[in-house]
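Letters A, B, C and D mark the chains in the order given here, with residues in each chain numbered from 1 onward.
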Amino acid sequence: MKRTVPLLITFIVGAVLILAEFVPHEPFGNFGEDFSLYFDIIAVFAFLLGGGNLIRVHVTKVQRKKKDWPFSIVTLVGFLGMLAAGLLKIGNPDGIQGDVAKLGSLFNDLYMFIFTPLQASMFALLAFFVGSASYRAFRAKNLDATILLVAAFVILLGRTPFGLWLTSGLEGSLSFLQIPNLANWIMGVPNLAGQRAIMIGIALGVISMSLRLILGVERTYLGQDNE
Amino acid sequence: MELLRSRIIIGITLLSMVLMFGSALAQDADKRDVLDSTAVRVGTFKKPVNLPIPAQLDVVEDSEGDAGSSITVSWLPSPDDGAGKNNVIEYQILRSESQDGEYVIVGSASRGMTQFQDATTTDGVTYFYYVRTISKDGGANSQISAGIQSSPQWFNTKDLDTFIIGLIICAAVIYFIYHAQKGKKFFLRQIAGLEAVDEAIGRATEMGRSILFIPGINDMDDVQTVAGITILGRVAKTIAEYDTKINMPVSRSIVMTTARETIKQAYVAAGRPDAYSDDMVHYLTDEQFGYVAAVDGIMVREKPATCFYLGAFFAESLIMAETGNSIGAIQIAGTAMPAQLPFFVAACDYTLIGEELFAASAYLSGEPKQLGSLKGQDVGKIIAMIVILGLCGLYTVASISDSVSLLDFADKIKGLFSAS
Amino acid sequence: MAARNIAGYVVLALIVIAFAISVVLKGLLLTVGAFLTLFIFSFLYKDNPYYKFAEHLFVGVSAAYWMCMGFWGTMVPNLFGKLYPPMVGGVLPALKDNPAEFHMVIPLILGIMLLMRLSSKAGWISKWALAFIVGTTAGLNLVRYLRSDFIQQINNTALSLYVTGATGFDLGATVSNIVIFIGVMCGLIYFFFSKEHKGAFGVGARTGIIVLMVTFGASFGYTVMARISLLVGRMQFLFGDWLGMIR
Amino acid sequence: MNGNGEQKSLVERLQFIDRRIIFLFIAVAVVLPLLFGATLKEETTPIVQELFDFIEHLPPDSRVLLSFDYGPTTAPEIQPMADAIVRHCAERDTRLYMMAIWATGHNLTGSTIEETLKPEFPGYVYGEDYINLGYKAGNQGLIRLLFDDFKRMYSTDANGTAIDEFPMMQQIKNLKNFDLIVSFGGGFPGIKEWVLYAGDPGNIPVGGGCTAVSAPLLYPYYPNQLVGILGGAKGAAEYENALITKYPAYGKKWMGGMSLMMSQAVSHVVIMLFILFGNALYFILRAQRKLETGGGE
């Protein structure tokens, strides 16, 4: 029961959605639509689940006074504060009927001046790591890595004016060797070919994995309990 | 019992697909009748002074293979389109529910276009259409079409090609899974990096240091995470035998439960269930950067001898691979995220590229159904290669011999392999 | 230890003073944004309490953000609003008179099942919802990947290996098409699993891996570009919006 | 380690240099050009020009769907694209339907309207010429749904007004009613999903602006499945260049993408030097080790 029902659900939902791709007539066309709608709503429940997990983990940390527990309070305050501002639409110019992220509402302010700088700065840290990785980790260890680094070099140079300055002497029939042109060629030709081969391979992988999931051959996602 | 059920499922799937195919053919025949009886072809108009020569209505019909609510209007372009003094600006499509009723604009198409899909119709209502050709001097109308209704179809005939190709690939996968389950052995090539797995674990054992295993940051509904966990099963078997330490921080709670069960099974199979501990796998946080920061800390403090990164990775791939490199660990990575592959290839010792990750999981799991489906995927690749080879050949010959009929033929074949 | 504590308090005091000055000059919101940015960047020096503060705040705020957006954007109009329209009348008057759609009970039940994962006893029932999610993804993915990433990519690769333009034979385009053709074919050969990479097949696979390496090089270059852009954006915020030093 | 043990060689010390020094280099390379406010001359590449030309040739009142599928993290790259394309569409008098499949995109839709569309095009009327539809959850599932029935998900606009009250929504039944879909995509879901779930099945023109990270992955879709792609800050700068060339009234001061390019160029050079230098150290060390172990392995 604990395994059969989920397998059956996966099979029916998957098969109906595939049918819906080819049968536009009711009820199949509508099934496709309805299931997508259900999926969207369940996705929101997944956010709730994430929130629930978060509260559980951090409350436990505070209760047991684990390492760095005061910071868990920061997490909880941030979470509950943002949640209240959003759910109750505090300070919304249009009251409870207004758009949740209306300009001037507390929710929007928190978003603009807490969420945005935090998220953007986190990603900006990566620029520094790219720097240190290029100094310490990216080595021309073998032929493959060397080709990779040379291609990366041409692209990087081609996206700056220096590439043009370096090779502007190559004119006429040799102009295709100018670094910006070379960079565009790499993007449009070998890069495209490689991406396409990867894409076709992954598509086949996804197709066969989806088929195995629908047919219940692959069931790792259900875990191994109650075997 | 198990086998019987999968056979029934396979049977039902194949049967339903055959039925759909049949209905598609029937639908196609139907379609042709409709086209002949309701399609409208209209004669030329006299050209008024200063106005553009109007476009002629070509075919007005119910849009093919949809859920209704749509009529397709197509026309032959005005001779003034793209040439002549009265250069056409656009075409407007007008509609009414009675032949001499009031016509309203339902849409427009830029010059050069010859088709418009009116997706705002109600099924069962009769509509009349005409096309107005607009130039800077004004508009000229085509003749009015005959009455037409939209209706839903039972099969999307436009997708017949997708359907058949999908059927072949799915059938190949099912066929090979079935035969693999019956015990047939298939050849599978070596995958670079896989041989290194045991060596890497051995090295960690000798040095008395731990192994770090990262299954990506997506949940169990991502195919790549599933592949990572399958590989974990094989890795866990070896560490259970060698008694190597493993540390596996994860960012999803379901991944945590699944990984714990997987490692536990390996220890039970090795006959040392008491050596297993739940602490081997621990949940950190769902948040991407919080997770990376914590993993980074673990790496610097514990200095694992070997790091595995197998699953779905995003921006964090770079940070992990760089830190791993700086502590001198052997790194084995694998992901189907094309944007992250370069960093792994440049900074790790071995990298499983894209589909190789899935292949590796099949390879290491040794499960026949997994190996069989790999063979089925190869059938897909053969189809792709043959079609590409054939089409490129046709186009090349057509281009060298400058033959228009050959080019048309090639275009027709190419049209069979088209997404829309 | 004591000296370190004192140094810590001095830093804290300096930050508080700078924060206060900034609030007076630039307003509270901009100051908060700027200081949080600096806290995150402080990680580059070393892990420290200010970074930890910012990181933990981020975890909480982002979780709540997604929940609020999902609640007001999807849950209210598309679940409650469809299930029992009068219920959301106070918030979305526009939907009040719509007919109820009772089949929307299904996602509600599945959603609640998903939440059962929080319970250790009834956790197994969340797998029903997971099964629905997996089934939907599998069903949608199968046809979509087949169509766009398989069939259409084959279609896109149908090229003439001898290109003539207005002025006759076009060498550049011909070479490009041949490289694409060989690249895709050899890439596929590389991903071929049920045949040994030996002989001519091995040469193909080797060519394939070289094409893949060029591809990765291109991705690499573009990723570096992207990361730098984000940093530039942050620096524009710090030096432009906050400190007013740009332009 | 070095054979002599006690004293590390200069090369070794350089190779294991404190990474904070590297970080400092990057920071300086980014900040200095910003402070000097230097800009670079751009040239528009075909892949960008084609999207520009497509929009340029849209008849007035064409229906353009703009999907804001990015967040604040990628805004430095993508916001200039959104601004440039909104300006261009408004110049062409097209109708703008703005939505988001990223929760974070919703706020950015709002700020694009408030900061670009409203001040620069006061003639644009809400509900007639443009509309903000807001965010819905569901990723690719949402697109799938809109493909069949637009108003099922979007029964109201972002402000909660019933969708049928807007004149510009009356012609919209599903995604096929749009003349062009533009996704400003910061990742997943983004442009690729719009191609997979809308462009390909419905034969609807799709174009987009994306981060430089995802640009190489989208090239295989161009030109058959994508009208054009703006990749990263460079793509934005190129589109701005095309816009200025056609509509010189836009001075460079409006252009967010172009202002990034100088810092970008200098940082690229610094990173390339790092790679060269790091590899040089690596090869020197390797040669030294070979000498010490008596050469050959």
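As a convention for this text, contacts are C-beta pairs under 8 Å (C-beta built on N, C-alpha and C of every residue); 3 or more make two chains touch, one makes a residue touch a chain.
Computed from a prediction, not measured in an experiment: that's the story for all the values here.
> What chains touch subunit A and also subunit B?
C, D
> Find the two chains joined by the most C-beta pairs in contact, please.
Counting C-beta pairs in contact per chain pair, the top pair is A-C.
> Hey, how far is the Cα centre of subunit A from the one of subunit D, in Å?
15
> Based only on mean CA positions, could you tell me how far subunit B sits from subunit C in angstrom?
18
> Compute the distance, rounded to whole Å, between the mean C-alpha positions of subunit C and subunit D.
One centre to the other, that is 13 Å.
> From the C-alpha centre of subunit B to that of subunit D, how far is it in Å?
23
> Touching two or more other chains, which residues of subunit B qualify?
Subunit B, residues with two or more chain partners: 67, 159, 166, 169, 220-221, 253-254, 285-286, 289, 326, 338-339, 342-343, 345-346, 353-355, 374, 377, 380-381, 384, 419.
> Return the residues of subunit C touching two or more other chains; collapse runs of consecutive numbers into ranges.
As it turns out, subunit C has residues touching two or more other chains at 43-44, 55-56, 58-59, 62-63, 65-66, 69-70, 73-74, 78, 91-93, 117, 130, 133-134, 136-137, 140, 142-143, 145-150, 152-157, 181, 184, 188, 191, 212-213, 215-220, 222-225, 228, 230-231, 233-234.
> Using the touch definition from the top, which residues of subunit A touch two or more other chains?
11, 15, 21, 29, 36-37, 39-41, 43-44, 47, 50, 53-54, 97, 101, 111-112, 115-117, 119-120, 122-123, 125-130, 132, 134, 136, 138-139, 144-145, 148-149, 152-153, 156, 159, 187-188, 191-192, 195-196, 198-202, 204, 206-207, 209, 211, 221, 223, 225
> Could you list, by residue number, the parts of subunit D that touch subunit A in their complex?
Per the touch definition, subunit D meets subunit A at residues 15, 17, 19, 22-23, 25-27, 30, 40-41, 43, 45, 47, 71-76, 104, 106-107, 110-111, 114, 134, 136-139, 141-142, 144-145, 148-149, 152-153, 158-160, 216-217, 219-220, 234, 264-265, 267-272, 274-275, 277-279, 282.
> In their shared complex, at which residues does subunit A touch subunit C?
It is residues 2, 5-7, 9-18, 21, 34-54, 56, 68, 71-72, 74-83, 85-87, 96-97, 100-101, 107, 109-130, 134, 144-145, 147-156, 159, 176, 183, 185-204, 206-207, 209-211, 213-214, 221-223, 225-226 of subunit A that touch subunit C.
> Under the definition above, what is the set of subunit C residues touching subunit D in their complex?
Those residues of subunit C that touch subunit D are 44-45, 65-66, 69-70, 73-74, 77-78, 81, 91-95, 98, 136, 140, 144-145, 147-149, 152-153, 155-156, 215, 218-219, 222-226, 228-236, 239-240, 245-247.
> Once bound in the complex, which stretches of subunit A touch subunit D?
Those in contact with subunit D are residues 29, 32-33, 36-37, 39-41, 43-44, 47, 94, 97-99, 101-103, 108, 111-112, 115-117, 119-120, 122-123, 127-128, 130-132, 134-136, 138-140, 149, 152-153, 156-157, 159-162, 180, 184, 187-188, 191-192, 195-196, 199.
> What residues on subunit D touch subunit B, complex-wise?
Those residues of subunit D that touch subunit B are 19, 57-59, 61-62, 148, 171, 173-174, 176-177, 187, 200-203, 213-214, 216-217, 225.
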